[in-house]
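Next come two complexes, and both contain chain A; in the first it sits with chain B, in the second with chain C.
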Partner chain A sequence: MVAGVDKRPVGAHYGLRDWLSQRVTAIVITLYTLLFLGIVLWYGGMDYAVWKALFASNAFRVATFLFMAALLWHAWVGVRNILMDYAKPMGVRLALDIVVIGVLVAYLGWMIQVLWGQG
Partner chain B sequence: MATADRPVARPRPVYLDLFSIRQPLPAIVSILHRISGALLFLAGIPLLLWFVQRSLASPEGFAAAMAPFTGVVGKIALLVLAWAYVYHLLAGLRHLALDLHVGIRLQPARSSAAVVLVLSILIALIVAVRLW
Partner chain C sequence: MKFRIYRYDPEKDAKPRLQEYDIPLDSHDRMLLDALIRLKTVDDSLAFRRSCREGVCGSDAMNINGKNGLACITNLKTLKEPVELRPLPGLPVIRDLIVDMSQFFKQYHSVKPYLVNDTPPPERERLQSPAEREELDGLYECILCACCSTACPSFWWNPDKFVGPAGLLQAYRFIADSRDQDVNARLDNLEDPYRLFRCHTIMNCVDVCPKGLNPTLAIEKIKDLMVKRTV
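On to the complex of A and B.
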């Protein structure tokens, strides 16, 4: 054994994937944000009828779903980085990681339910 | 470095007191990027989901979802979250530029950090004017 090697039980090679996915999801989020702002400006505001019709469109539902999936994935990479920096005890960090994953998956379920659950 | 008359090394700091160090502007932009991201995760995403669900449920729900736009507390909360979103997005775009080695030298990096801060505040001001 080489002295001083401090191996940690975490996966290898996730760094580049996280780096890349953080940027790809950021671009998706930015594009949807511009699309949404464009739609609101084009209608010159929002009322219930227009809002409801907008979300009745399957294209907009899919776009919104992709936005939320990108947002939640983006949040995961960011929150995980924060936890790696500040939640030092391994047990605490893993517990918080699991809580965050659970919350994010629940959010995605909530989004699907909102988009497709109420007809 | 191996000169004989080199004085004894000064004692190194045993810890770094973040509040006694004058942070350069890119460092401030960086930590605000993290803080705004944490805020968007903790408050922004659940509120966004709540808003979409409530607003689509019924005309009454739409009115209820829009209600925070009228109260002072709701307006301030919305303003903070809008600033966090805009700021985080702009700081992220700056990051993408830096990744592409655009503006990576010290002076352009300082300037773009200032642009991110000023632009996010200007957009927040526009949001504030629209809200009030």
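On to the complex of A and C.
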């Protein structure tokens, strides 16, 4: 650490990427939600048999994977935005960032297990 | 007319207080600034800034009944009593309604609010077509009163990092100028999660701008240009 330097370095050269990815992932989330609602309406409800048949299709599993991946990426950008505003000390913010990434990656693993796991 | 005014002198007072005033107004007192000047004849310890008294200099920006605005162009008839006056939120108070605008101007200067053009100047002037000139409407009128930036929570949380609506409006004013040659450097300067992208489009800036300008739209156009050059 340089002591006594009161400069605010800015210009991380990213920002657009996060902003744009949040919008793109929002579209993916919306499309999947509409698809899911459409399926529920098509079958006139949702029961175990329909659910099981739906997730037996690999295409639907892939669509669900895309949805969850988009959701997790969207959440990462959003939660980090909140941390940037409210968690001021750099060490605290970095620690919280790592916790959030850990939780989100764990969700991703869990989801893959649910979608393609045995049983 | 009844007023409740924020009073604070950091050198003397332990903490700020709201002082009540009830003064008779004259039929010539039409704007809030007229009333403040009259108040000053009753209590000359009250401190506020004012200069042109017609909405051009931007000195008398303050928080009027919870909303930022210019005292000189706020009609007294539109105000509910008691009129509560506070300094612009989010900036350090120097005294009463006077705030320290250093941070605000630091952000303004950080966007290079001047024309950058390295070609030799022509004999008379750099010409613009009427259409090119029209691009600057809604941008050049900003008087830097700071009503918008101090109404923006993103500026409250990160005044040292987020340029704020006023600065970004000016950034776009020069990005949009056909005579300016520095568009890429200007976009680089703002390509940052804090400087530009702390804006979450809540549009408080548009709501309070006493000149009726739209910083949110300018921010949107900067983002559009960034997308255009990246995608």
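The rule we apply is simple: the second predicted complex is superposed on the first by the 107 of 119 C-alpha atoms of A that agree within 3 Å, B and C clash if a C-alpha of one lies under 4 Å from a C-alpha of the other, contacts with A are read in each partner's own complex, and residues count from 1 in each chain.
The criterion applied here is as follows: a residue touches a chain if its C-beta (ideal position, glycine included) is under 8 Å from a C-beta of that chain, and two chains touch if they have at least 3 such contacts.
Everything quoted here is computed from the prediction, not taken from an experiment.
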**Asked** Can A:Y48 be said to touch chain B (first), chain C (second), both, or neither?
**Response** first
**Prompt:** Touch check for A:D18: first (chain B), second (chain C), both, or neither?
**Reply:** second
**Asked** Touch check for A:W110: first (chain B), second (chain C), both, or neither?
**Response** first
**Message:** In the overlaid three-chain picture, which partner chain does A:Y86 touch, first (chain B) or second (chain C), both, or neither?
**Reply:** second
**Message:** Looking only at chain A, is it chain B or chain C that touches more of its residues?
**Reply:** B
**Message:** After the superposition on A, what does A:V99 contact: first (chain B), second (chain C), both or neither?
**Reply:** neither
**Request:** Give every residue of chain C touching chain A within the complex, in rising order.
**Result:** 154, 157-158, 160-161, 188-189, 191-198, 200, 223, 226-227, 230-231
**Prompt:** For chain B, which residues count as touching chain A in their complex?
**Reply:** 34, 37-38, 40-41, 45-46, 49, 52-53, 55-57, 59, 62-63, 89, 92-93, 96, 99
**chain A residues within the chain B interface of the complex** = 23, 26-27, 29-30, 33, 47-48, 51-52, 55, 64, 71-72, 75, 78-79, 82, 107, 110-111, 114, 118
**Asked** Quick one: in the complex, what on chain A touches chain C?
**Response** 8, 10-16, 18-20, 81, 84-86
